[in-house]
Structure formats: structure tokens, C-alpha cells
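Please go over the structures that come below.
You will see subunit A twice below: alongside subunit B first, and alongside subunit C after that.
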Partner chain A sequence: MARYLALRIAQSLLTVFLIVSTVFVLVRLAPGDPAAAVGGPLATTEDLQAIREEMGLVDSVPQQYWHFITGLLQGDLGMSYSFREPALDVVLERLPYTITLAGAAILLTALVAIPLGVFTARRANTGWDLGANVGTIAGQSMPEFWTGIMLLTLLAVVVPIFPASGFTTWSGLVLPAVTIALLQVALISRLVHREMAANLAAPYVTVARSRGSAERALTWRYAFANSSIPVLTALGTRFASMLNGVVVVEVVFAWPGIGSLVVRALETRDYPLIQATVLVTSLLAIGVQLLVDLLYPLLDPRVRVGKAVSR
Partner chain B sequence: MTLLDVQDLQVELMTEAGVVRAVDGISFTVDRSETVTLIGESGSGKSTTAMAVQALLPERLAVVSGRCVVDGVDVVARPREAGKLRGRTIAMIPQDPMTALSPVATVGRQLGEVLARSEPGLSRSARRERATDLLDSVRITDPRRQLDAYPHQLSGGMLQRVLIAIALAIDPHLLVADEPTSALDVTVQAGILDLLLDLQDRTSAGILMITHDIGVARLVSDRVHVMRDGRFVESGEVEAVVGAPQQDYTRRLLDAVPRLGAWTDGGVA
Partner chain C sequence: MTSEVQAARPSAVTPDRLEHSAAALRRRASRLKIVLGSVLAGVVVVPILLANVLPLPDPLEQDLSQRRLPPFTDGHLFGTDQLGRDLLSRILHGGQVSLTIGVLAVLVSGVVGVVAGAAAGYYGRWVDAVVSRLLEAQLSVPLLLLLLLVVALFGPSITVITLVIAFAQWPEPARLTRAMVLVEREKPYVAAARVLGLRRAGVLVRHVVPNIVNQVVVVMLLLLAQAVLLESALSFLGAGVERPHPTWGRIIADGQGYITTSWWLVTLTGLVIVLLVVGVNLLGDGLRDRVSRSRGGKGEPQ
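Entry: the complex of A and B
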């Protein structure tokens, strides 16, 4: 187990290193000049040259990369051009907001999607199932920017129940979380439905029913226990990708998280900030993935290693 | 005493191809300590009959009519009461032991769950003792250790023994054995059948055996019904049917079994 863990962590670190390096090169290949973004439209050629020298952008790309890697190993990701603060600090300051939003959204998703999927699987081919199907297809088809704006208009402008933007009170969390969850519930509940339908039809459920197990036990202890791995995987993957910034929703609701930060960093060609964001979010995403993988053996004895019972 | 009394049982299944009459008016009985076998090829309706007897067919996909009285309760007329019979007077030995237990719970837990219902007074440790005894009674070696095993850690034969132990935990009057050996190795099959018969001697349960295997039918049955397209084409004492089949279909079914020399010369059973 310790060996497995060490191997997985080493793999994860390698993955993060490759991601960060790729992004380092890609942002420099993209058109646009950070010096122009900082200097503004009135800057002269001399001004721009001075800014580039200050940013260390006059060096060759391999030199810049060496500088970046040595800095990275010391925990220094450079100064953000636009914030004039260490890039890492800027990211870490925004991070709790994104974690809060992603956490609320995934919790809401799980709390709605799992019961919904289980319920409709138990009533396959009935009006309930059909209704839920129509609902989830609608949920899947609505883009987040549209749902977000609709919710804003309805519940913050027409009937002002919730704040329209920012995160000053906890009620500000409701609309963005619901916007994200609407789409995720649609996706996850269909997965739960599919898994549950397959497991409810499995022989062990019929056999358990034949020996008098209650339907509630068949649903949860048998079918759901066997559906939990794909469901957990999907929730984990969704959560990890939300940590990378729920860009559209954060912009719509002016949420001070990673997503809106990324947009700003890209607009201003803020290389250090882009690099710091990518580093932090990929570490988080990979960490969540690792955690999910470590949970598998708790849910399914078949993936437990090295604990054989003789035949 | 008649344990199971089936009269003019009909089952229609809703399939994607339309309505199929899987069982078409069959009648038979099973008494205590008696083994009655339904034999036939795939699609003859024998497994559907086994499911109908336990009222396990999905309500929306199957229409059952006729009479099917188990221990005085007509499960066709009162499917709700049939639910109470399951796990009390009827138990099933399933076709494929490898898929018949939940993969994520230990053998002991699944056995304990049945014991908790059948003998609610037992303490946790007493239940474990009882479970150990049950595994021992189906000739599982080192039963205490196997209680903590997960299904994937046991062989098919072992799992079938576990399933028989689970069936025995409720001390059933009627055992429905749906092809209990067809998924097992030939060498293991005899042991399982032997165990079933031995347990029948001890508990005087009636057995409704479903099989496509003439050899199995011959070994365990008191009476057999040869089934084809949802009907019985021939019924009677096992030796009469196997020894002197009256129907062409039964003869062909018998001829389909590959025989060793000794079988045709002198007979084994």
C-alpha cells in the first residue's frame, strides 16, 4: 500500500510538471505581448523594452524556462504583472472561493442526483421516469451562461431574493451553485439511473429478493452499494474539473475565484499568474483524483490488493 | 401433504417482440420430502415456472394466471403474501452461484442478514456461531475463516454451498433449485446434488428442480415433467419417463445426451 501510494504520488508530480511545462511554452507561443498589456496604448518602444527587461522577457525561452524551474523549486512563481504581487499569493487568495463554490455545487449535485437516479431506476418505464428523463435532457441542454443569467434575472432582479454577484453573504453562494448543479445533476442522475437499473436487474438482487430481503435493502445495500464506484468516480472527476475554475459561472456571477482570475490573467498576458494558476489547480485536481482512487478499495473488495483468502 | 399445488398455470411475458406465452397451462404438485423435476431445453418455460412459483416475476412484465398454492397461500391471487413466504417457507438455489451474491459484502454478512430475519433473537456472536455451523453443514472446510471471505475469493462450487447454506438458514419447506449445477464443473456437480439430497433427508423439504440435464433429473427426481413450449409433453415417475419415453420429443431429448459406453450397455442409475 505504501509502495502503491509512493508510486502514485510520483506519477502525479510528473504529470503536474509536464502540464506546467507545456503551459509555459504554450503561453509564449500565443499571440499578444505582456509588455503592451502592462504599458498600455501610449507606451513608447523604449518604455516597452524597459518593461520587457524588468519582466525578464528579453532572455531566450530556454533561459526563461530555467529561471522558472529554479524559482518553482524554491516556491517562487514570479510576480504577477497586473497585480504586482507574488503570483502564487494571488492564486491562493482566490482559491478558497473556488473551493467553496465547487464544494457547494458538488454536494448539491450528489444530494439531488443520487436520490433522483435511484428513484427513477426503481420506477423505470413509468411516468416518473419519463418526466425525470425530460427534465435531465433539458438540464443537459441548457448552457451554464444561459441558466446563470436566467436565474439572476428571476431570483436577483425580478424577485430579489438572492444577491446578484460576488460573495459577501452566504446567500450569494446559492445562485452560482445551483447554476452549476443543474447541469451536473442532469449528467450524474442519468449515470446513477443507468448503474442502478443494471444492478437492480442483477441476479444477486433477484436471489436476495427470493430469500425475503426488503425492497429498501435491495435498493441500497445491494444495488446502490454496487453502483457506488462509477458514481463516486464521476463525482470526483466533476469536482476536480470544477476546481480548475468554473470559468463561465464565475464570470456571470462576478465570483472572486480561480475561474475569473484565469480570464483576467489571459487577457493581460500575465505569464506568471497563468503559470501559478495552472500549477495550483492541476495539483488540486490530481490530488482529488488520487483521493478517489484511494477510496475504491473501501467500496469494492475486488480491487483490494494483497488480502487473499484461500479457496 | 401437498406443499406446492400448481393448477393450470399460465404466464405471459411482455417482451420487445410482443407477448410471449412462456408457460401455457401446466399443473403439478410437490409433496414434502419429494423432488419433482421440470426438464426441458432453453426457452421451454421451466425457469419462468420457477420464478412464478416464488412470485418473483416483475409485475409489469408478466401476467400470471391459474392457481399456485404454496403452503396454503395462492401466490398468483395474492402476490403480496407471497413476499412473506419468500425467505420463510420457500428458498431458491440459483443457477449461477458466481453472480448470486453481492460482490461487495462478505459471505458472513449476507448469511447473517438472513439469520437476523429468521432468528431475530440471536445476538451478534450467536449469529456468527450459527452461520459457522451452517457453512459446516454444507461441508465447507474452515467455515469460520470463510465467513470473512468475499464472493470473488471463493470458487463456484464453494459459492453454491454457501447459497445452499443461506437457503437452509431459513429452514424452508420448499426449495426451488433452478439449474443448481449447470454453471459448475462436472466434478463439483455431483457433490452439490449429493449435498442437496442429503439435506432433503434431514429437513424433509420438497424440492422443485429445474434442469436441462437428463443425468441430473435421473439422479435426484421422484417425478419428472418434460416441458416444451410452455407445456408438459410427458410426466411420470423418473424411471418410466427416462427408461421408456412415450413421446417423440422426450426420446430426442434423451438422445441428445452424449453417452459413455457403459451407460448404453448397462445403465448407471
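Entry: the complex of A and C
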């Protein structure tokens, strides 16, 4: 167990290191001068040179990389050009907003998608099944930015129930979370349906039924318990990828999270900020996935950590 | 029960029962999805393909005296935008960009995915290790950020956007192909072909891949739907094909500011995207039901 954990953490750190290094190289290949973005249109050539020196951009790329790695190990990711604050602080300041939004969205998704998937799987090959099938296909076919704008217009402008943007009151969380959940419910409920349908048709359920187990127990204690691992994995993966910034939805709702920060950092060529964002979000995403893996043995006693369950 | 049954004992399997059997219902459901999907996708795709032939105003022609006309005025079926350009014409020409990118991206990701997945599944060992690591690593990459970065880096040309979307999508065909090849390579015909003297690569290309390619092709339709969505999201965020080409994401991003006064700019453009993507998804889903039925319906990848 301890050995497995150490191996997994080492692997994860290596992955993060590779991602961060790739991004380091990519941003430096990109056209556009960060000094020009900071200095503004009125900056003279001397001003720009001074800014570049201050930012450490006159060094060669390998030198900058060495500087970046040594800083990284000391928890120093450089100053954000546009915020004039340590880049890491800027990201950590935004992080709670993204976690809140992603958490609310995934909770809403689980609360809707699991009952929906179970319900339709119990009624396989009926009109309910087909209806839900077509409905979820429609759900995963709508661009998030469009549903976001439509919800915003209908429920914040035409009928002002919710605030239109930002996060000043908790009701501001509703529309962005619903926008994200619309897509995620479609994806997750299809998975729940598929897993449940396969398990409900399995011989062990027939045996339990013939022994007189109640349908409710068959559904939840048998079939759902056996479907929980793939479902949990999918929810975990979705949550992890949301921590990378629910970019589109955050932009639509002017949500002060990582996603809208990323778009701004790219526009201003804010290298340290881009790097800090990538580092923090990949660490979090990988951490969540590791956590999900470690939860498996709690859900299914047949699973030993580090070994795949054979089915 | 019916008189056609000549057996001494009437069979319990009546035509009526067959009609209501699960298999028949599934078949009807998949037929419904295929028909509905083809119709919805066709309603959008056919006008897009004919956009250059249809009697429409030029998508770039501005007329500042005709700004933001509502639908059905002065021959503008979908109205006009903030610069007086015909919205329908812009949507259809934007659709050409979306479909071109979508189809090309799916072809690239499909070929890369099938090759990588087939090699990983068939050869195993280090090939599998490398491909599986790459597939895993991609799960933890902040994908959209990386895509935006690459588009900023190499410029928003059709080629770059196509490759970026293909990069986002290759894991799906790769994972599916790998899983199917793993099953397929254990089948007797593979051993038989080897015994007959065919080399390993020959078995893979001539026998294994043709046996699975049907199911991969069906998944490509679902990938096409995703590619169209991803392209519109990128162009919404400002990483779309450069102006003056109209793109769906940019029409919506530009129209967002006028939503309260000119609802049609965002609403109609979005509806066209939804129609196309729902249609393609329904078609792909229906075809997949049909193709994977023999495999117990477990062909759906994540």
C-alpha cells in the first residue's frame, strides 16, 4: 500500500513536471512580447528593455528555465506581469471560486444523473428509456457558452431571478452550475444507465430475485453497489477536469475563477501567471484522480489498492 | 395462437410478442434515432453545402443602414447583424468552416487513434506502455488552456485549429481500438493466419483492423459532433479562424452584447449548432446501437 502510494505520487509529480515544462517552452515560442503588453502603447524602446530586464526575459531560454525550476522548488513562481503580485498568490486567490463552482456543478450532476440513470435502466426498452436517451443526446449537443447566454438572458435579464454575473451572493452560483450540469448530467446519466442495465441483467440479480429479494434492494444494494466504481471514476475525472478551469462558463458568467484568469493571462502574455495556473491546476487534477483511486477499496471489498478488479 | 403455426402445440412466441420483444423495441429505437438524426443533420448540412449556390447576400457585405434587422425583413430570413450583414448567409458560411475543420480533425484523430490503439493492443509490451501512458497523461493536462495556447502560438489558421482539435480527440478512438484489438488478437483466426505464414504486421493490417473498423467509424460520427462543439467553443473564446471568415462561436460572442435588443443573433446561431450536433449525435448513436448489438451493446467508450 505505502509502496503503491509512493509510486503513484512519484508518477504524478513526473507528469506535472512534464506538463509544466512543456508549457514553459510553448509560451516562450509564442509570438507577442510580454514587455509590450505591460508597458502599454506609449512605452519607448528603453522602457521596454528595462521591463524585459526586470522580468528576466533578456536571459537565454535555458537560463530562464533553470531560474524557473529553482524558483519552483522554493515555491516561487515569479511575479505576475499584469497583477504585479506573486503569480502563485493570484492563482490561489482565484482557486476557491473555481472549486466552489466545480463542486456545486458536480454535486448537482450526481444528484440528478444517478437517479435518472437508475430510473431509465429499470425501464430499459420502454418509452421512458428512449425519451431519456434522446434527451441526454440533446443535452450533450448544446454548446455550453450558448446555454449559458440563454439561461443568463432568460433568468437574469428578462425575468431577473438570479444575478447576471460574478459571485457576490450564493444565488450567483445557480446559473453557472446549472449550465455546467446540463452537459455533465447527460454524460453521467448515460454511463449510470449503461452500468445499471448490465448489472440488472446479470445472473446474480436473477438469483437474488428468485430468492425473494425486494426490487429496491436489488436495484440499490446489488446492482448500484456494483456500478458505483465506474460512476465514481467518471465523476472524479469530470471534477478533476473542471478544476482545470471551467473556462467557457466562467467567461460567460464573469466568474472570478481560474478559467477567466487563464484567458486574461493568455491575452496579456503573462508567462509566470500561465505557468502558475498550469502547475496548480494539474496538481489538483492529478490529486483528485489519485484520491478517487484510493476510494475504490471502500466501495468494493474485492479491490485491493494497486490491483485491478477482475470481472 | 395464429393459424400460420402448424405445430401440434401452439408456440408461445406469437408475432404479437415478437413485436413487443426487447430486441424489436431496440431495433425500432435505433431506426428512429437514425432517421431523426439524418433529417436534423440534413436540414443543416445541405444548406451549408449549397451556401455558395443559394441566392444569399455575401456574408461579408456590410450595410450600415440595415443594421440588426429582425428576421423576415427585407429578404433577410434570419435578419442582419450589428454591421448589417445577412445572418443566414454568415451562419451557412460559418458552417462551412466548422464542417471542414470538424471532418478533417476527425479524420486525423481517427487515423492517429486507430494506428496507436491497434499497435498498443496488438503488440503490447513497451508499445502499449507508451501509448497507455500518453492516454493517461492527457487526462491530467489542462486541455482547453493548452489548445488556446497552441492557437495563440501558431496562429488561428484552419490547419492549426484542425490539428489542435485532433489532438484533443485522438484518445477516444485510440482507447476504443486498443480495447477491441485486445479481444480480437486472442481469436483463433489470428493464430491461423500466423500459422499460414502471414507476418504479425500483415495479420494486424489485413485481418484484425478490418474486423473492428466498422465500430470505430461509427464512433467517428460522435467525434464529429464533439469537434464541431469544440471548434465553436474555441472561436467563442477568440481562438477561431481569423476574420473576416464568419465562425459560429464568433457570431455568438459578437452578438452577446446585443442579446436584449437583437435576440436572433445568439439564439438562431446557437439553434443551428444544436440542430446539427443533435442530428449527428443521434445518427451516430443509432448506428452504434446497430453495429454493437452483436457485441452485447458494450461498445460505448467514455
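Operating definition for what follows: the second predicted complex is superposed on the first by the 304 of 311 C-alpha atoms of A that agree within 3 Å, B and C clash if a C-alpha of one lies under 4 Å from a C-alpha of the other, contacts with A are read in each partner's own complex, and residues count from 1 in each chain.
What we mean here is this: a residue touches a chain if its C-beta (ideal position, glycine included) is under 8 Å from a C-beta of that chain, and two chains touch if they have at least 3 such contacts.
Since we're looking at a predicted model, the values are computed, not measured.
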First (subunit B), second (subunit C), both or neither touched by A:L48: neither
Touched subunit A residues, subunit B compared with subunit C: C
First, second, both or neither for A:G212, with subunit B first and subunit C second: first
Which superposed partner A:V157 touches (first subunit B, second subunit C, both, neither): second
First (subunit B), second (subunit C), both or neither touched by A:P203: first
Touched partner set for A:I137, first subunit B, second subunit C, both or neither: second
Which superposed partner A:N125 touches (first subunit B, second subunit C, both, neither): both
Subunit B versus subunit C as contact partner of A:V247, first or second or both or neither: second
Contact residues common to both interfaces of subunit A (with subunit B and with subunit C): 125
Footprint of subunit A on subunit C - complex, ascending: 22, 25-26, 29, 32-33, 36, 137, 139-146, 148-150, 152-153, 225, 229, 232-233, 236-238, 249, 252-253, 256, 259-260, 263, 266-267, 269-270, 273-274, 277-278, 281-282, 285, 298, 300, 302
Touch list for subunit B against partner subunit A, complex: 54, 56, 60, 83-84, 86-88, 90-92, 94-96, 99-106, 110, 113-114, 117, 142, 145-146, 148-150, 152-155, 158, 163, 166-167, 170, 176
Subunit A - residues contacting subunit C, complex: 12, 15-16, 18-19, 23, 26-27, 29-32, 124-126, 129-130, 133-134, 137-138, 140-146, 149-150, 153, 157, 190-191, 194, 198, 234, 237, 240-241, 244-245, 247-248, 251, 262-263, 266, 274, 277-278, 281-282, 285-286, 289
Complex contact set, residues of subunit A against subunit B: 125, 202-204, 206-213, 217, 221-222, 225-226, 299-302, 308-311
